[in-house]
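For reference, the structures are reproduced in the following blocks.
After this come two complexes, each holding chain A, first together with chain B and then together with chain C.
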Partner chain A sequence: MAQNENTQNTYLTFRLGTEIFAASIDKAVSIIEVPEIIKVPRSPSYMKGIINVRGTVMPVIDARMKFGMKPIEIKKRTVIVTFRVDIEGENVDVGALVDEPGAVIQIKKEQIMNRPDIGSKYKSELIVGAFTHNEQFIMLVDIDKVFTLDELTEINDSKEEHSLEEHIEAESHK
Partner chain B sequence: MEDFRNKFKEEANDLINALENSVLRLESAPHDEDLINEVFRIMHSLKGGGAMFGFVKISEFTHNLENIYDEIRNGKKQTNIELVNATFESVDHLRNLLRDEIDASIEQKHIELSKRIEKLVTDNTENQSFDEYQDMILNGDNGAKAVPKAGYYIYFKPNADIFDNGTNPLFLIDDIRALGNTKIFTHLEKIPTFGKFDFSVSYTYWEILLETKESVLEINDIFMFVEDECTLEIKKIGDWDLVSNEKYIEAITKKYSSDKFDYQELKSLAHTIFKPKETEKHQEKKVSEKIQKFAQESEITSIRIATEKIDQYMNLVSELVTAQAALKMYAMKTKETELLAISETIENVTEQIRDNALSISLIPVENTVTRFRRLVRDLSVGVKKDIEFITEGTDTRIDKTLLQIITDPLMHIIRNSIDHGIELPSERVKAGKPEQGKIILRAYYSGSNVHIDVEDDGKGVDIEKVQKKAIERGLIANDVHLTKEDALKIIFMPGFSTAERVTDISGRGVGMDVLKRKIADVRGDIEIKSEKGQGTRITLKLPLTLSIIDGLLVTIGPSLFVVPLTSVSRIKELKIKDITSKYQNILVMDGEQIPFYFLRDELQIGGEYPEEVKFIIVKYENTRVGIIFDTVIGEYQAVLKPLGKLYRKHDIITGASILGDGSVALVLDTNKIIKKFSSKEIV
Partner chain C sequence: MDKILAILIFATVFPLSATIYRLISGRTIVYQIVIFPLSMLGIGVSVMYASYVYSGMLSFIISTILAVILIIIGLILARRLAIRYINSQVKSMWTSDLSKQSGTEEFIDFFIELDSRTAKLKRKEEDTAKLRKDISSMTTEIEQKISGAVERFTQQGHVIHNILRANSSIIRLLKENAENAEDIAGSAKRSAVKIDVNNKNVQKSVLTLRSIISKIKFIDDLSFQTNILALNASIEAAKAGQNGKEFAVVASSIQKLSEKSKKSAAEIDKISQSGIQLSERTGRISAQIVPDIKTTAKQITKIAETTKKQHQEAEILSYTIAHLETEISHFTETTQDINRMIQELTDLVRSYETQGGLKTSFKDDNESEFYSDSDFEANSNLSNVAFSDDEFTDNEFTDDSTSPKNE
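This part shows the complex of A and B:
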């Protein structure tokens, strides 16, 4: 990629609940249908299990739970976005369950705002910025951080947030 | 750059291992041209690579060695014991030089060894000229045949007063001899009888046939300072190996007269014996031989592939196997003959690809055996025993990681054989055995396993000693009398070691129990057979690869699990109500108390066990534990896939395996389960 394009980055968007998120396209590998997920006993609830992706075994996480939302329900539009992330200096392929895949968009650097003040609703340390695209507010996530081991070991599922999310979910599906 | 350096290190390590191997063989076959060539090539590669990647010391160090071996391969030098020894030490030293930090002791060794090798460069030259001298006298031949040579006739008659300025004509003759093969006719006819003999006068003159690759100028140079004090003729006879040809020498010897040879006659004789046609052919052949040899040397017989790529390839292959299985199922459903035929072809090819992929990921046992050869050589000298180390089937291939893991246990077994197995030469003779002991390392396939035997013809296991020790250590009761089989089993029990004293070699507290555990960790088994006074054989039974497990496919609810077959000791069908009523989860079976546990609850799978359950008894060391599953589907060869970093805390699950229909089964590490269970800290 040429140097002068450096000011413009490409992102993949996806929906979690009612929010739209974006991750750097460099990290994304593919978008796949949800196959049978084999649960690995005694693992944190947001670690959904493992799947068979073209002969390799890949762990899958529930991206909504990761952001402190209510667990994902697998519906028609639910997909797994597979990412190649850096875990302790090693490239690891992992999958994230998201409610709906979005689009590949290009955003100029100056369009990106600092991390929005979203209070305690989402795990704000995973969000590195935000921007508006086609009048849609999109939050930019640091996908490496989403899968960092330390992050994965701590589970923080507050009941109130769930009910709030449930409410929103119920609203949006009416 | 750092990347390249690491690559070089990796490569250099391989080279050094190959070097060690070659030198070991060179020791018993010092004139083997192929070996000498190989040693030279390795030195050459090390030198070049070392210089390129900043390992200056390696480059400097190998330079002299390379030169020595170059001269040997050109027939200018010969291998000798000191050289082989120095090369051995160099192997160790080169390994040290590859390290990033070079400490003072290595520095010291570097200087010392460099000096020794430098000395060899010069020392050997003298030796060699002596050798050549002998060669000439004995058969007038030497090994340097590959270079095109010419035959010369030299007539050298010193003037009578040549001694006056201190010239010794014999030195000049020696100089000529140094140029190549010679046939020397010394004319002593002119020496007067004793009374008339004048010490200050030279009476002798020489006629010499010289076969050399040097030019006339070179020969002339020898006589540079005596040109005015002698009669000298140097004439070329032709481009033939005159001196090496017995027929020619015989023919001209007949022509020998008290005066001198007729040059024309020498020449025509040569022409009749060496027909030009033949010479040409001969040389053509030589050239083609050379080209062939060069081609052989530069032929690339292997390439290096990153293990990562092989893993990737293996993944793709297992994906192919899965897809092929799906295709086969579909084809059988449609019953279309054409599709069935295609499916069959694909099945065939897939199988071959799978076998091929597997063989690529395996490396020959030989890779580690070289180290043992060295070990036996060094250690047997240390304990004053004469031991021959024989290897068989070292081209048997095994998983690389596995080979690394078993290298230590194997080394330990061999050390035991050297130290405790093989007797001192005097004892052997007393026992009616040959002085030289034997240790045989034998690798071979057995089903889907690789077996490695270490066999010695030493004194064998002394059952009475074992019995005594076992009582001493409290492993058995005083009045128990051990059978041979039991005694051999006890050797593997923790806290047992028959070594009477701690020696340099073995008896470091690492007993056979540790070996057994290590082998069990890689799903292998260890067996011992021994006959008192005849020897011991220890057999390691290993899986071909760590990535393929012979397992038992079982279920709990919807979950599929694979239990490694090596750890399964029994399967029993039981009623769940008979088990749940057991006190403290212990079942008595054949008089043995077997603790068991409900994997369903431990893994929080949920649901209830069916009425009839499968009670699988798994073993690890001497512990047996029962695990309860819903059903047993059958035997299954599982390709093991790691779960990756995110699941690394799951130590009771080794990995996952993708079944033929694409579903995924979790592979259980029964050893860990047992360990956790027996120490009451299950998961």
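This part shows the complex of A and C:
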């Protein structure tokens, strides 16, 4: 059992444009349908706004823009994947808009290829590896890096500028 | 010499002139009664004179007596001859005997007149015979022509009868046509109504398919939500580690189910869409058909009306032709009557020829003393009608009209 645990990791897959990405299941919290997104003034373009998920207010980012793709259009299949990321030792709930949810899959560690093999189509620092599953090429994403500190700082900057966001942030911290 | 010449002249002039006169005028009766005695007298006188010149008194007296006797004999002979001739002539014309006539001058005048009239009558008879012949030939010609006309009329009657029969069959066909056209128009109208109903049904089916599509969308949404739920369950199961493994299986099977329902929903959606397209196309086509059928029905109704009118016209035509047929049969009958009449006329003319027209005509004239003016007028009218310019001219009749005055 211990060996199995070591050799296999569980991932959550999702689609961005035409590409399939995978993120570690440990970081994922839930998948939700897109609720009403409250826009936040003076926030970066990839930040779509804030949402309220069962009493928890969290920021929502456009994952496609994070990967240097075209801004997302909210469609029927569009969902928000919520992650619990570690920012400066703090666990913060963040939502990412993806085109379509995938599945929960288990991949052996040997299957995962190293980053330099993938090329530099997307912001390569976000991609940690890649693998094929059911003849589908899937890229492995480091979710913590996606919500990097400086970007969160930007979020924080915007929070500093707006008392409302401060208030929300304060609430989330509580 | 002179004496001999005188005697010869005396002896020859009278008989010679008499002969010439007879030859020129052709009047036998005058010659017989007047010229013959005169020539006899001439001969007698010349004999008398010759005997006086050559033989003396005694022979003169004897020859005078001889001449007187000769003259007397000649006169008696001439009179007898004349009376006989007249009797023969008059008996043939009149029953009365004219031998009792007295007065030689009147008698001679009468005979001159009679002679000329007889000659005229002969000519007239010849003319009448010619006329009769002409009439006969004409009547035969007319008869032929009329019989030809009768034949043609009969043929016309046959032709018209055939036309009538053809027309009656045309009337029957037109009637059938009108009925058929009405039937077609009725069925076209009915089919237009049916197609209208069809169209409405197609529209209804389109609506039904649309509602199916909306329901399918709901199913699709449901499968999407189920998928999300299953994913969430899978995430939770993965986080639970070994304990959540069985739950993870359930979650993944739920996800598979939702995937399946999504696929079927998509298929149903596709099928429904194509169904809608088909129905809409059908609806469009039948919507185009309906006005076409309606116009067809209208046109056929028009045809039916026109055929009815034609039927009426044909009936009128039939009536007219029947009328014409009766008219032609009447005409044929009339022509046949005319033909019969002409045949009768021909028979009559022929009977005249065989019986001899003169006798009968004179018998008819018996009541009149001689030729009455009215008769001649009638004759002249007849002749004028028959031959407008012929020997029977007016001057002849003027002679005739004067002659009774001489009587």
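Here, the second predicted complex is superposed on the first by the 141 of 174 C-alpha atoms of A that agree within 3 Å, B and C clash if a C-alpha of one lies under 4 Å from a C-alpha of the other, contacts with A are read in each partner's own complex, and residues count from 1 in each chain.
Going forward, contacts are C-beta pairs under 8 Å (C-beta built on N, C-alpha and C of every residue); 3 or more make two chains touch, one makes a residue touch a chain.
The structure displayed is predicted, hence computed values, not measured ones.
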Contacts of A:Glu110 with chain B and chain C, given as first, second, both or neither: neither
Partner chain(s) touched by A:Thr10 [first = chain B, second = chain C, both, neither]: second
Partner contacting more residues of chain A (chain B vs chain C): B
Partner chain in contact with A:Ala28 - chain B first, chain C second, else both or neither: second
Which of chain B and chain C A:Glu135 touches, first, second, both or neither: neither
Contacts of A:Arg54 with chain B and chain C, given as first, second, both or neither: first
Contacts of A:Lys76 with chain B and chain C, given as first, second, both or neither: second
For the chain C and chain A complex, residues of the former touching the latter: 221, 224-225, 227-228, 231-232, 234-235, 237-239, 242, 248, 251-252, 255
Residue numbers on chain A that touch chain B, as the complex places them: 35-36, 38-43, 47, 50-52, 54-59, 61, 87-88, 90, 92-94, 147, 149, 152
Chain B residues within the chain A interface of the complex: 315-320, 322, 559-560, 602-605, 641-647, 650, 653, 655-656, 658, 662-664, 666, 683
Interfacial residue positions of chain A with respect to chain C in the complex: 1, 10, 12, 25-26, 28-33, 76-77, 79, 101, 103-104
